[in-house]
Amino acid sequence: MAYPVVERPKHFKTGIVGGAGYTGAELVRLLSIHPEVSLEFVTSEQYRGQNLADVHPHLSELTSLELIGAEQALEKDVDCVFLALPHGVSQKYAAAFLEKNIHVIDLSGDFRLRDGATYQKWYGREHGAAHLLDEAVYGLPELYRNAVRHARLVANPGCYPTASILALWPLIREELIETHSIIIDAKSGVTGAGATPRAHTHFPRVTGNFSAYGIATHRHTPEIEQALSQNDRQPVVQFTPHLLPVDRGILATIYATPKGSWHPELVNEVFARAYFNEQFVRVMKQPPEMKQVRGSNYCDLHARYDERTGRIIIVSVIDNLVKGAAGQAIQNMNILFRLKENCGLRQLPVYP
Amino acid sequence: MAYPVVERPKHFKTGIVGGAGYTGAELVRLLSIHPEVSLEFVTSEQYRGQNLADVHPHLSELTSLELIGAEQALEKDVDCVFLALPHGVSQKYAAAFLEKNIHVIDLSGDFRLRDGATYQKWYGREHGAAHLLDEAVYGLPELYRNAVRHARLVANPGCYPTASILALWPLIREELIETHSIIIDAKSGVTGAGATPRAHTHFPRVTGNFSAYGIATHRHTPEIEQALSQNDRQPVVQFTPHLLPVDRGILATIYATPKGSWHPELVNEVFARAYFNEQFVRVMKQPPEMKQVRGSNYCDLHARYDERTGRIIIVSVIDNLVKGAAGQAIQNMNILFRLKENCGLRQLPVYP
Amino acid sequence: MAYPVVERPKHFKTGIVGGAGYTGAELVRLLSIHPEVSLEFVTSEQYRGQNLADVHPHLSELTSLELIGAEQALEKDVDCVFLALPHGVSQKYAAAFLEKNIHVIDLSGDFRLRDGATYQKWYGREHGAAHLLDEAVYGLPELYRNAVRHARLVANPGCYPTASILALWPLIREELIETHSIIIDAKSGVTGAGATPRAHTHFPRVTGNFSAYGIATHRHTPEIEQALSQNDRQPVVQFTPHLLPVDRGILATIYATPKGSWHPELVNEVFARAYFNEQFVRVMKQPPEMKQVRGSNYCDLHARYDERTGRIIIVSVIDNLVKGAAGQAIQNMNILFRLKENCGLRQLPVYP
Amino acid sequence: MAYPVVERPKHFKTGIVGGAGYTGAELVRLLSIHPEVSLEFVTSEQYRGQNLADVHPHLSELTSLELIGAEQALEKDVDCVFLALPHGVSQKYAAAFLEKNIHVIDLSGDFRLRDGATYQKWYGREHGAAHLLDEAVYGLPELYRNAVRHARLVANPGCYPTASILALWPLIREELIETHSIIIDAKSGVTGAGATPRAHTHFPRVTGNFSAYGIATHRHTPEIEQALSQNDRQPVVQFTPHLLPVDRGILATIYATPKGSWHPELVNEVFARAYFNEQFVRVMKQPPEMKQVRGSNYCDLHARYDERTGRIIIVSVIDNLVKGAAGQAIQNMNILFRLKENCGLRQLPVYP
């Protein structure tokens, strides 16, 4: 049954496949006040038959929403589904929804890499729906808005790639930096690791702590390199993720060496030019703090040229569950449905 | 100039006096997406002439909003002002706005106590606008909705009192508990202490820490006792606040001894009955966690009777900056303006 | 093999059964610089054969300590073993060590309750070694020092009971309070919940959060009531534990109604009298903050009489892993071995 | 008067100038259990005449220690003083103590840079005791142990430089990396910013947050470059500090490009070779977590070669108040006094 809070008729119907995790819950939070879209169902294999509010007490307003199984979801008449499933699971469901002419916005990593071999190398297994890779559109609207508009299958970007690509794209597209000089030192809150408790996400271990992980091996590396490719030349990016003692948020500190001669003011011009018309990218005069985007769909950016070392340093922040996941997914949905891109996404950050 | 995001004409005009602190910023956050109300100005003596976004980078969307002085605010044509000022300062401004037939919603403690002598005893100074105390309406809508509807001056409740009174009211109004048995052990995030840095709010001291303060002397005690008075009998409440290593949120654990014989199911019936029609009070089957209301206007409650000890235990949670301050102020404004009470306040909590 | 850091011969040999958890690791930390005691072995069924430093990287100095199985431990020649095992498991091992004339200090809840029926009621299962309950000495040195001195089996107190009993004992032994009026509102860091990741200890859920749990049903309730019994009269204690977003530490806020007439100064006299000679109990002029005992064996106490309400309020803080577990266990061992009670426990708190 | 806990006579006498801050308190904590050294006095201009325990409640054992003024300290007969003063203040006191043949270990930045002009450039003022710069020994024992042994004035390294230099030195001294390729992305707990409350260290702002600061301009940059100079060639280091929502600890992630051909195993050999004999540097097989050294004098290091990018990545962690300040100062004192280098510093980390 439909989510009942807003009374006036909605123009589009959506559903969420995979509602037990953080991304699914965040989609519910954002869709619940979207003025043009109804949420018709949420699935969960683990909790099917239970009420959404029992699984997510913070959503306990939505008392009439019962979790269903994914196969029931296939029988629903909706315009779009969000797949909020683990990597490797989305690829099992995407085709079935597409066959029913339902748009699919996949929030896993399954359809982000265009090349099945690259997927296999970094994800360690063969792709189960490789025939869809060609058609999937990488859903970073600031770069690929037009492609998203006509997509059937949108691969919603990863959280680290969103923060990183938006920070580097203005410099890459004007070919201003040495593409082999890029170092991304990224720091994420723990929701990025998902809702399943593990030793490395146990509270006593994480609080008051900080650590690097996945050095040289993180799966978001090829995703970043792919998006930053220009004219068939792909950069080699050094990407080091870290775990912050924080629930939400990503901050990436990015280093790159500019090509040729350079002057300090140029960097601001480049970023202002790139994002002049963007509603969700805010170019800041000062380095942004991570929490200043909490709960919102903003990516805040600050870039600086260090004359002493000859390097450009960029600081980029997002909320990993919003612009890094559910918010960007809804932004993509708005584009698909020809709605205003910030429809339902106008909430300001919850700070402090 | 008016906040420009929503294009369609708004029915009411508001302004914020005191925009440098957390409560002021939270009012801006919530008003910015309120569909029926425009924000005409924000004042700050400290930052007047600066842009709001320079003081609150998370609000950097609102680039055209320049902070003005309070005396300029008095010349603005608005329907309602929010006073987000320190205790003792609000009482200097309230009368001036009232004289211009502008509704005043005061978020300080200045107009919460009906009796000037009680104010003087707990706040340690004489009241500067005692003639307004009689007229001020204590703005806890769940108890005093009708009075708020006709108020000129609304005294927005304190954060601890909001969590405490909503938890105790169902039992008090049915005269089910011994009013001298009430113990409120309350825990608050640090935003409750305001935006000014002090030794006891310095990060290294608060993180990983927890402490009681204001034992037996906190100013919210008489506010709670006043609201829980029945038939001229005032309870004597033991109130102990604590400082949590958290930015937002209050959780109060409340103990009371029931009168006469009692059975476990009764407690749930009492709370269900009291809040059946309330949109912002959610009676929970399990004890609520503090964060499950973050960013929202909910008060989540759970009550239980312990047969072994013969006591009732109630757990109550709110976001101190929303239901404990800015959200409740907007709820009061909605009532004043005959809008839907949840207008502009429908956002679900930002969790986790 | 023996822990090799200190070269001079030690007088006593100890071992730890259960070295994978937080309590076991904390025992290693404290024993490693104990001047009179050697650590001969640490067991772990899960990690047997691995190096202690692989399981606990912070202990990576101790490279020669290989984890053994518990049955190997039974063949070791030691003076004392610490059982740092889950509730229900200790009772399987205690008798075997006692039979070999090895002192046993058990850090689980297995031997704390004198009465097997009470154990069964609160722990939900029959006791597996009920014949040892009579002989076990409740190892709270400030109350039972002489009994500990002659014990074979020491039941090391729980963390909440340690903070609570030390706070109430001075009033109870002088019969100054109504024993049915006691309310203990206690707050603990997450290490109190052990090292195994669970949904309620997952970092994103706990950080920025706070919650009550085990209302009216927590197993530490009967332990507190037993220790506070006087002349066969047992108090009925209201005990409510809460989970703090903190790794270590307990703060208990305790309420009690004094008997008869009372004056404010009395409360300080009572506490000063009770703990004049105690090295690990510090009676404070101000309410202690939880973190001010971090890493140390102190219990810091502050008591106050509220004339307005007629209640005594006591604030008590400990580090749950030290005075609430491993430190107190070593304090008990020192007593058993006729060492100075603060031997190896003189470290000051790590603050902030 | 002397700190009275340890009864046996101490061989050396010390005092602390500047006891109100975190570094001063940490020196007290560590010296209080140092077996060979007595603490004769602690000064504080702000709190002179008060008891140390009133300023630092966690030290409330030390009830007889009254804070004195710095000029009184000059009359005390001690072997060594620790200057735990702000930058710019130490330079006013150092000469006076040296004239009395008292060793000075300065924990500020005042004597770390050998060149007065470099000091002026980065600290923004002329040096007030530039004649002492030549004689000051940079007190990083792992690099300059012999010089420390004969020093009168030891400049205790900064916290970031300690973590950074120890991570890079093994590669630098064997000339294995391009010295202009070094990027240090460092993250610190908030105690690194001192005990004075400021807007950017206010708890609500820091918790759940993360931010970069001092990009391209931090004063620790020239300190690192100086220590990494070889044969008069000074590297140009990119240094970016960040503020973690944590009380203690530094983690530095460091990037460098090796010279010439390289193989992955080499990096481990280089670090093993460099620190084989060091007691306080632990070379780890896995990237260290920041908290695993909390409260201890360890620097834990892990280095890795990324074949794909051709870079070396090093992760280095310390407790900024111990190895990054007070612990290293005591290590230097031990060297000066020909004590064992780990004397009084053998405590293992307090984890978790």
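First chain written, first letter: the chains are A, B, C and D, and each begins at residue 1.
Assume contacts are C-beta pairs under 8 Å (C-beta built on N, C-alpha and C of every residue); 3 or more make two chains touch, one makes a residue touch a chain.
All of these numbers come straight from a predicted model, not from anything done at the bench.
By number of C-beta pairs in contact, C-D leads over the other of B-D and C-D. The greatest centre-to-centre gap from chain D, using C-alpha centroids, is found for B.
Each chain gets a centre from the mean of its Cα atoms; for chain B and chain C, those two points are 40 Å apart.
For this pair, chain B with chain D, the centres built from the Cα atoms lie 46 Å apart.
Rounded to a whole number, the gap between the C-alpha centres of chain C and chain D is 35 angstrom.
In chain D, 22, 191, 204-205, 207-208, 245-248, 288-289, 291, 294, 352 are the positions where the chain touches two or more neighbouring chains simultaneously.
Against chain A, the residues of chain B that register as touching in their complex are 5, 22, 25, 28-29, 32-33, 56-61, 191, 207-208, 247-248, 282, 284, 286, 288-289, 291-296, 300, 346-352. Considering their complex, residues 183, 185, 187, 204-205, 207-213, 215-216, 236-238, 240, 242, 244-249, 251, 253, 255, 287-291, 294, 304, 306, 308-309, 311, 313, 315, 352 of chain A touch chain D.
Taken in their complex, chain A has these residues touching chain C: 22, 189-191, 195-199, 201-208, 245-248.
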